[in-house]
Each structure stands twice: as structure tokens, then as C-alpha cells.
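One structure, pasted below without further comment.
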Amino acid sequence: MKVTVCRKEHFNAAHRLYNPAWSDEHNTEVFGPCANVNYHGHNYELVVRVTGEVDPDTGYVYDMKLLSTLIKTEILDTFDHRNLNLDTTDFRNLIPTAENIAVIIWQRLRPHLAAPLGLSVTLFETERNFVEYHG
Amino acid sequence: MKVTVCRKEHFNAAHRLYNPAWSDEHNTEVFGPCANVNYHGHNYELVVRVTGEVDPDTGYVYDMKLLSTLIKTEILDTFDHRNLNLDTTDFRNLIPTAENIAVIIWQRLRPHLAAPLGLSVTLFETERNFVEYHG
Amino acid sequence: MKVTVCRKEHFNAAHRLYNPAWSDEHNTEVFGPCANVNYHGHNYELVVRVTGEVDPDTGYVYDMKLLSTLIKTEILDTFDHRNLNLDTTDFRNLIPTAENIAVIIWQRLRPHLAAPLGLSVTLFETERNFVEYHG
Amino acid sequence: MKVTVCRKEHFNAAHRLYNPAWSDEHNTEVFGPCANVNYHGHNYELVVRVTGEVDPDTGYVYDMKLLSTLIKTEILDTFDHRNLNLDTTDFRNLIPTAENIAVIIWQRLRPHLAAPLGLSVTLFETERNFVEYHG
Amino acid sequence: MKVTVCRKEHFNAAHRLYNPAWSDEHNTEVFGPCANVNYHGHNYELVVRVTGEVDPDTGYVYDMKLLSTLIKTEILDTFDHRNLNLDTTDFRNLIPTAENIAVIIWQRLRPHLAAPLGLSVTLFETERNFVEYHG
Amino acid sequence: MKVTVCRKEHFNAAHRLYNPAWSDEHNTEVFGPCANVNYHGHNYELVVRVTGEVDPDTGYVYDMKLLSTLIKTEILDTFDHRNLNLDTTDFRNLIPTAENIAVIIWQRLRPHLAAPLGLSVTLFETERNFVEYHG
């Protein structure tokens, strides 16, 4: 009897989409205003889904307070109120698109969850643009 | 050609997370303020998903008005404006966590749907805490 | 140059609408299922609005982090994960309707704000039922 | 490493549910007020999901600006501010239920996406009634 | 001690913006796709606000269940699942813009509320376009 | 017969709260992580309200398509996908708090509206922090 528990958190960050292997012109061609040299930013909404058996003693798959704490420690403490390009090591050599941020978040959380638990991540960059990663 | 139709409903209920096999101290340790002896409550938002073939005569998989009525009869009439611990038989011996409530809702609806139809349930306890159950 | 700053918080609570001066029958007649003897509950969403001059040194009317802390200390620490009828003194002799809860919240916050600041409170009991109080 | 990118768009349209093989009475019996001869309408919210590998040069699965443009060209330019029954060829012989509209949208988009990309469509007819189609 | 109680309801309707005193060309010039001869439609979200004294016996300004019933009887039964131009008398000689619909709703509700009660109406035509009328 | 028409738009921007008259330590003390030297960012949601008489020929107070265009030209073209501190002249000597951004937006829009029209601005920095300015 597998159930998925979901916790929604958010963080505010600046970022810029830029491929250093390309000219500035080509970056603007591909990324448009997202390549702006002085950055722009987003309220990222993050949904983390953990799938597993319900523990009969607690009725929990995974205590959502602990899931919230895990997300805070592993993700928000590093990304919230930061510049993803300049203030984190994750995006030193990786373009901080929503796709790549979701994969990084998944990779940061995965080692902290027991092997039988399933994990997936949804990241909203805006209300109209979002991505999902299931590992 | 399988399509999933989804209907969102809500109910307001009081509940308390408490395992009678444990001491009050251990309950508070595990469940925190959710163990409050006098209960607290939520606006539960419920999404019921039914998957099946589209009927060529109606263009419907399952008439959403009938789905709404089914949810009302089988779920809302029992859970809405109630105390889940005291006023229902479902949670006499089952802790009313979001996980367990979602499973009970799925079990209550399943017998009313024809066998070929798929069923899944999403239950929002708050905007930030929610669960999914696919049977 | 007056600006209004608004902070949204939430709390989860159980309550019951019941006038002890009336018979049970009359309570049910007036309050319907909201009079349920074992309580029901809500995710209350609270918006607190503070109006005042913008401080030229900070660009703030009132630091929203401090406003959040004030709401936590004066409101959430008392109401969140509680039974409003049983666990608070505010509603010992007052029916905890959305109207009365909003007035109590306003009265609890008012003494903590400097006299020139304006204060108003919006309280959502559900997404479709909400109240506003301006003092 | 497959990621799903999602783009939300909307269109406003009139429609009517009516099966010409049936009497007016039977249409009203099945479709209720949705059969109203003079039409009614909705703000349709559409989520298009595209699944594929992340391009290491761009960090994109599919540029969401291009996805937005594709949805505009193939869907919104035809459906937005239109009467689905009268102004489109898609629903000349097909009842414009949410199920059928979602399938048509999927069929209109599919040829414009490279074969390895996955495609699914969620269509909200109202906040409480929505459908999903995965092809 | 005046409090405002607010009730949110919705209705789905078709409409068309068209001034019969103008040529078709001028209508299209002014109203764009909203002038489409075959209509389009919306999920209208309606918020009705009633301001008054809190009754000490009930803790209510105005019972929101009764407010919901009043809105249903006076507004939804006439406008929901209808064509505003063709199926109502209100817009026989009045263009059904959001502005005019809000005024009509206010005028329909006003006679049913006691004189000391304040009334205002907010009408969302889409999530991004809405109007407010205070009488 | 005055009605208020409201248009919601959004822009994504980076910013930093920093008073150059203060030490870095005092900036961090006052602004916390919002003072981060490399900026952070937000999805700003902007609601512009225009109040006036309904034109009997159009049923409009102010054509919302034109209001949308005005907001685009005067606000979004300058603020969207920009760094408010570095890329705009408005915040060269003004801290880009939500309060100050709302006032600037109001001042930028006011000259473009006829004198009898009322104007107010609501700016959401996050879903939980927002400000209102009425001029």
C-alpha cells in the first residue's frame, strides 16, 4: 500500500542563463532576456514527492515536518535569497535552467532518503513555467 | 484512447493524531501539536481522478456531475463538518493522517466504479502538505 | 506618502459555533453542521495590513519579517493547532465565527503597533468565506 | 536523464454539449444546462507537458518560449475567443467536452514535436473540473 | 463595530461585446475578438461583500449560507450556463462588459439587503481582468 | 456610477536591499538575506486599479487591453528580466523595497491617465508579502 506524500516549499533567487562557450550574441539569441548580464530572479515554488509504505504505527510515509526540515537544510539554506550563478557551487559549470535546478535538487535530496522510498521533484519557475524530474 | 477526468471537492473537519498504544509524551514527541487533546482542523481539498475510455455518444469518460454526487454521498456526507476521530467509524482504529484519509477515501469510492476504470486520489491537508494514492 | 504593507499567515484550528443561551435544536437551526458537538476545523488564512509612511532610510513602512514575527507571537502561538472554543480564553464567552475571530485578532495586534499606523485584518475561513475588519 | 517541462496557457471560449443523434429532451437529460441552445463558456486553462533529455548546451528539454509559441499557433489562434461548436472544424462532428478538447489539443500538437519527446495535456474547464490525456 | 463578510461564487456564461449602434467594423475595432459574432465565454468568479454590525447572539454580520443562497437565487439561477446577450433581459440593451455585469449584480442584490448593510461586488472575468463596484 | 477595473500583470526581476549610507554590517542587520551582495529575485505580481465612470457606448471604464499595453510599455519593458538596482534609473538612489517599487509604478502610470480617473497599485513580492499604494 504505497502512498506519496508531497511537501511544497519556496525560495527566492537570482539567476542568469548563459553558456560561456558561446558569444554574448548567441546567448541572447538562445536565452533572450534570461541572459541579462545583471541577472533577474524568481520566486521558485518547489514540490518534493516521497513515495513509500504507510507506517502502521504513525500513519505516516514520511513525517512532513521532517521532510520540510530536510528541504530547508539541503536546498533552501543554499539557494534561498542567493544568486544561483555566483553564490552556489552547483551551477558553477551548469546553466541554472529550471530543468537543471530540478535535477540538482533531486540529487541533493536522494542520499538522505532510504533506498525503498521513491522521490520526485516539481519546480515552478513561474506560475506558467514548471518542470518535473523523477530521477 | 484513455482520458483521466478529475473532480475537486472539499470538506472541513477536525482531527487529532494520536496512537493509543503510546504514552501521551511519546505522542507529542512524534506528532507535535497535531496530537493536541482538544483537536485542530483543516479545509481538506480532495481531487478524485477516474481514468477510462471516452464514450463516443457523450464525449464523457465519467460524467463529472455524477462524480461530484458520488464524492458527496460517499465522502462529504460522512466527513464534512465532522470530527474524524469521534464522528466516523473509519478512524476508530486508524490514525487520521492525510495518508490514511486518502486510502480510506479510495477504498470508499472504488466499489462504486466499474472495474475497467482507474481511480486515484489526491488529498490536500494544507496548501503545502498533500498526499496521493493510486490504489 | 502612505503605503500599506500586507503579510499573509495561516493557522489550523478546530471550532464549533454554539450559543449556550439557546437549546441544541435552535443552535442546529441557526448554525447547521457548524454546531456539531465534536467540532470541525479550518485552515485559516490571515492577511494583516499595516498602513503608514515609508521610512526613507529603510524603504519600509513596517519590516514584514517583524510583522510576521508579531503575528506569530500574538496570534499563531495561541490559535494554531488548537481548539478555539476549548484552548483559548478569547472565545470562552464569544462564538468563534470568522467575524469574531477577525475582531479578536485585530484587538490582539493593535496595542503592538504605533498609534499613527493603520491596521486591518482579513480572515479566510475557506477559500469562499472570508471577512474583513478595519477597527 | 529525462525531465518534463510544462507550460500553462489559457483561452476563453463558448461551447455547448449536444449530440445531434438525440432528441433535445435526451440531450438535456444527459448534459443538463451544458446543452443550453445559446451556449455558455469557460476560461480554459491548458497545461502542456513535454518530456525528453536535457540538452547539455542549453540546459533545456524544450525552450518554454517556443513551447508557448507552438501552443499559441496551433491551439489559441484557433480556439481563443471562439465558439468551439460553430467556429472550429474540430468539433463539427465531435462533442466539445473537456475530454474531447484535450484529445484534439494533443493531436494538434503531436506532429510538431520530435518523435522521442513525450507529450501530455491537462485541460481545466473550471477550477474543479479538469482532464488529463497522455496519448 | 462593523465587519465585512465576503462570499465567493462562480458562474459560467457566454457573451459578446457588441454595440448595435455601430458598424461591425467599428465593433471589431473597439472590442477586438470579444465582438466575435458566435460568442465566447468565461468562468466568472464573483465576490459579494456585505458590511454591517456583528449580531452578538450569532456572531454573524450576515449568515454566509444565506448570502450564498441569495446569490444563487438572484444571480446564478439567471446567469449560470447561459448566454448573457441572448438568455437574459438585463443585457438586452446593455453591453455585457465586466463593468456592466458587476453593476447589474449589485442592483439585483441591493433590494434584498437591509438598508444599513453595505454592499460591494467584485467580478473576475479572468484571473487577470476584474472589476469592483461599491454602489 | 464609478466602477474600478483591475488588470494583473507580472514581471521577474533581481534586486537587493542596501542603504549605501550604512555599513555592510548594519545593512545585514536591518535587511537580513535581502542584502545579499549578489542579489536575489522575485516573480512580482502587479495589480493596477483604475476607477472612473462607465462609458455608455463601450461599457468600459478603461479598456483592459489598453491598460495591459500601458503597463507593458511603462513598467514591464523597464523592469521585467532586469536587475532593479543596476538596470533601472528609478532605484539608483532609492532602495527597491516592495513599498518603493509600488510608489514608482504608481508615479510612472499616473501621467498617462486622465485626471478624473483614480489609480491604485498592489504589488506582490511573494504570495505572502505584498503592498498597496493609492497615491
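Going in written order, the chains are labelled A, B, C, D, E and F, and every chain counts its residues from 1.
Keep in mind that, in the parts below, contacts are C-beta pairs under 8 Å (C-beta built on N, C-alpha and C of every residue); 3 or more make two chains touch, one makes a residue touch a chain.
These numbers come from a predicted model, not from an experiment.
Q: By that same contact rule, can you tell me which chains touch subunit D and subunit F alike?
A: A, E
Q: If you apply the touch rule, which chains end up adjacent to both subunit C and subunit E?
A: Shared contacts of subunit C and subunit E: F.
Q: As a multiple of 5 degrees, what angle does the CA superposition of subunit E onto its copy subunit F give?
A: 120
Q: Is the contact between subunit A and subunit F built from the same residue numbers on each copy (over half shared) or from different ones (under half shared)?
A: Mostly the same residues form this interface, as more than half of the numbers used are common to both chains.
Q: Comparing residue numbers, which of A-F, C-E or E-F shares more than half of the contact pairs of B-C?
A: The same interface as B-C is formed by A-F.
Q: Find the geometric centre of each of subunit B and subunit D from their Cα atoms only, then give the gap between the two centres in Å, rounded to an integer.
A: Centres of subunit B and subunit D (C-alpha means) sit 28 Å apart.
Q: I'd like the Å distance between the centres of subunit B and subunit E, where a centre is the mean of that chain's Cα atoms.
A: 34
Q: If you average the CA atoms of subunit A and of subunit E, how many Å lie between those two points?
A: 41
Q: So which bits of subunit D are touching at least two other chains?
A: Within subunit D, residues 32, 127 contact more than one other chain.
Q: Let me know each pair of chains that touch one another.
A: Once each pair is checked, the touching ones are A-B, A-D, A-F, B-C, B-D, C-E, C-F, D-E, E-F.
Q: Write out the stretch or stretches of subunit B touching subunit D in their complex.
A: 1-9, 49, 54, 57-61, 63-65
Q: Which positions of subunit B touch subunit C when the two form their complex?
A: 10, 12-15, 32-34, 36, 38-43, 80-83, 86-87, 126-127
Q: Can you name the residues of subunit E that touch subunit F in the complex?
A: Counting only subunit E, the residues touching subunit F are 17, 19, 21, 30-32, 94-100, 102-103, 127-134.
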